[in-house]
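Below is a structure I'd like to ask you about.
Every chain is named by a letter (A, B, C and D) in the order it is written, and numbering of its residues begins at 1.
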Amino acid sequence: MIIIIQCRDRVGLVSGISGALAQAGINIISMDEYVDKTENRFFVRVEAEAPASRLLDESQLRPILPDDAIITINPLPEKKIVVLVTKEYHCLADILVRNYFKTLGATVSAVIGNHDVLQDICKRFDIPFHYISHEQLSKPEFEEAVGDVIDTYQPDFVVLAKFMRILSPTFVARFIRRIINIHHSFLPAFIGANPYRQAHERGVKLIGATAHYVTNDLDEGPIIAQQTIPVHHGFTAQDMMKAGREIETAVLAKALRLVLHDRVFVYKNRTVIFE
Amino acid sequence: MIIIIQCRDRVGLVSGISGALAQAGINIISMDEYVDKTENRFFVRVEAEAPASRLLDESQLRPILPDDAIITINPLPEKKIVVLVTKEYHCLADILVRNYFKTLGATVSAVIGNHDVLQDICKRFDIPFHYISHEQLSKPEFEEAVGDVIDTYQPDFVVLAKFMRILSPTFVARFIRRIINIHHSFLPAFIGANPYRQAHERGVKLIGATAHYVTNDLDEGPIIAQQTIPVHHGFTAQDMMKAGREIETAVLAKALRLVLHDRVFVYKNRTVIFE
Amino acid sequence: MIIIIQCRDRVGLVSGISGALAQAGINIISMDEYVDKTENRFFVRVEAEAPASRLLDESQLRPILPDDAIITINPLPEKKIVVLVTKEYHCLADILVRNYFKTLGATVSAVIGNHDVLQDICKRFDIPFHYISHEQLSKPEFEEAVGDVIDTYQPDFVVLAKFMRILSPTFVARFIRRIINIHHSFLPAFIGANPYRQAHERGVKLIGATAHYVTNDLDEGPIIAQQTIPVHHGFTAQDMMKAGREIETAVLAKALRLVLHDRVFVYKNRTVIFE
Amino acid sequence: MIIIIQCRDRVGLVSGISGALAQAGINIISMDEYVDKTENRFFVRVEAEAPASRLLDESQLRPILPDDAIITINPLPEKKIVVLVTKEYHCLADILVRNYFKTLGATVSAVIGNHDVLQDICKRFDIPFHYISHEQLSKPEFEEAVGDVIDTYQPDFVVLAKFMRILSPTFVARFIRRIINIHHSFLPAFIGANPYRQAHERGVKLIGATAHYVTNDLDEGPIIAQQTIPVHHGFTAQDMMKAGREIETAVLAKALRLVLHDRVFVYKNRTVIFE
């Protein structure tokens, strides 16, 4: 049993929650708790064991919590995702493999590509692939078409696995807090297009990758995971891109693992993560 | 206010503890909790705020805890350490600098060396240095002399900062669970003497350092912190030793920070660490 | 054009080789050179550009080199590998994906499994899968059967991608210096079976993975690549295994990239690697 | 013997240089070579052994090199540095310790502080400390005073070890390519003041440090070394600052090691580094 709560902080919350659980005969296995003192915000994630006969109802927690509390009990164990891609295969292939071997923590419902080069790999894994070219469509038309396909699957999350089109606020609003992107730089360095070329020009000694929620501001959403690896003067922008693929894959996989196992809270432009 | 408890696990411990604190008017700022299911062992570390008038007494917690509970309330904020060295300076100098700038989390009471090459640096920082050569003494005599000097300072911990003499079980027993060592390898690889020569001969691509509590079995005590760095075929054993110094310094500093801020539990041959 | 030479060291080798290339009208793009002073051994790897009309022949280099020189000019650009597996999918799937997208630097000729659970993923990528159970066969019979299938493909390398059977010296001799293994620990720590259980029992704070050539001594062959990641007290042996999969995959991929791009020299029990 | 050359690239440079050395009876121990193809620029660093009777003169190399060649033979083995500080001790103390134990690769001639809090630690190591407050002086006056003190020591490099004043182009020009700074972020992220506060506000999951040459553009000079470490939601800006000190110290130490051992070429806004 997993219980997730986010609310205004006040004295006695841990005591209240653990007391309510004890009273309900539910045994706490682990409890992660964090208070953002600046924002006066309380976050808790509880893993617990309940005898088969014991259920926990939101109504048992509501009275002891501030009225702004967001309570989630037993979040959906197996979520659904739709993946958006362009031409690069590495993040998608990693997701398809984990999906196939049931270690993703979600089911891939479908893949949408604005190019068709990744159609075959999806077919090999029996995953529906929708090819929606952006070329004959206006941006609003393209996004509407993509959004409509997504909606037919009712996914919990939309994953941008090296999807190289910038999304409008309208599209983002349609799937608010449900879009996760992998950006090929250590944000906030090298926002926008061609981060590896920017990195090469700046002569950095590390390159990075960042997985984040997508908000209206380009590459400015809440960060979930980041990683860097060393590079040296001998790396061309092309070499950086190749090396970067390995951490893009790893960082997106980590971010999905965290999000899909209900370990990420979003608050303001930040994430609280209980690993 | 810091409260540290280790005991047998049972249902309701978090609830009981947080309830007792709430009743005492003490507000939990953060609570780290861990249950070792195999060993059925419960560990908790609480940081809390109490109004000036409110005190917490062990007797308020004892009734709600199993009878084997080890309870520590407000551990000594400023501990004392004695450092044992041989000839290498890097770990000692780092400790002396942090001590001087009051960021060590402890006071260095004295340094004992079986060589005198590090006497001058201690003098520059006004730290007593005791030179006890092992050359004219039997091992028991040497250890007794060292132990007696240590005892005059009544330190909380004895830190082996590249002390190159192997300590007997008698000595270890005298300062049981109070001796911390930095070993220049990624334990359990390369136990014993000359780990860098061993690492070089094996042709490893990473070298490491390990900080651990000292027990009777050489290099076998509970591990507190470890780190590795890359090396390549061009590194001689000497080059590895030089590069290794940087992580030896960093790993011992990290281990001391954790231990001196009461973040490390020892149980069986293992540590539970709340960072 | 790639030129690789390993020989006894002596004065003037770089000058001799670069002079011979200049005389042949061949332009050096990059030159990696290393001398093992203890072993008095010289290693060089040259990337060069030759006009279409200019060829380089071993006979142009032979006269200027010691008589023990091993010279390789333009090693096979696209090698063939056979992969041996048991039940774990992660390393194999990574290899199959890279093979499919032509970024492996080799062609996967076939996969051999002593269990059949990975048959389907191979089929999806149109890679022949040979199921050879070890259960009805003696060890020599099993190894002969595996070796015979390997031989039908004449691979350049045999990759043990989490193949959980220990190979006899006879088998290793049959494919000497052509077998690459991924071991799920930071060798030489935790040699042999169940390294994650060993690591958990020892209470380490890092776990590792090691890719190495296989020799007669179990887990003792020349190391190609190693990596570690942090773990903490909360990790069960099972959790370590899960986390370890990510670095096993990454380390084997890195080792294969190096070996398949002719960047690894083996000498005695060590590797010289020009990245 | 160390030979360092930077020039326009052309065919036959390695052959020409190694030939000239062979002819002079000088044996190459190691040779690091790099060609920037975009800029058509050649960089080489040779470590060699010469019999006592053999000397190498620039005139033996000049004829075989392009006319823009910058040749350095046997750069000064022991350089002099002046260190500029404000209030933070960690980088300075690390430099003073290495200087004292003769492992810095340079001699610290003096320390200049715009506050006096680090005077005592310098005194303990017998290093001259010049206190030049910026408070009663205009910026040009302050910089002139600092520059004049620096000049009395004729240092090879000026090291900004957490010096918190922004330097004018006039000052930078006075010590062009001789000023090395440690910036407390992963540049180019968080340029300018308060990078840890910026990092905290952005909610990053890694913080970094960057050592670089100082040019006229704030935090835009050629990067020498960078490193990152993980942080999480629980880190305040203050916690990030504390954790960051460890990598600031390590990164500046690494950069100084590289620069002081003549392993860094600067070309345009970039460094070529032979580690």
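The rule is short, and it goes like this: a contact is a pair of C-beta atoms (placed from the backbone, for glycine too) under 8 Å apart; a residue touches a chain by one contact, two chains touch by 3 or more.
Nothing here was measured: the structure is a model prediction, and the numbers come from that model.
Using the contact threshold fixed earlier, the set of chains in contact with both chain C and chain D is A, B. Among the pairs A-B and B-C, the greater number of C-beta contacts is found at B-C. As a whole-number value, the distance joining the C-alpha centres of chain B and chain C reads 40 Å. The distance from the centre of chain A to the centre of chain B, with each centre set as the mean of the Cα atoms, comes to 38 Å.
Looking at chain D, one finds that residues 34, 234 touch two or more other chains. Taken together, the touching pairs cover every possible pairing of the chains. Only residues 89-90, 93-94, 97, 100-101, 121, 124-125, 246, 250, 253 of chain C touch chain A when the two sit together in their complex.
Remark: chain A residues 34, 36, 186-190, 202-206, 208, 222-228, 232-234, 269-273 touch chain D in the complex.
Touching chain B in their complex are the following residues of chain A: 11-12, 14-16, 18-19, 21-22, 27-31, 33-35, 37.
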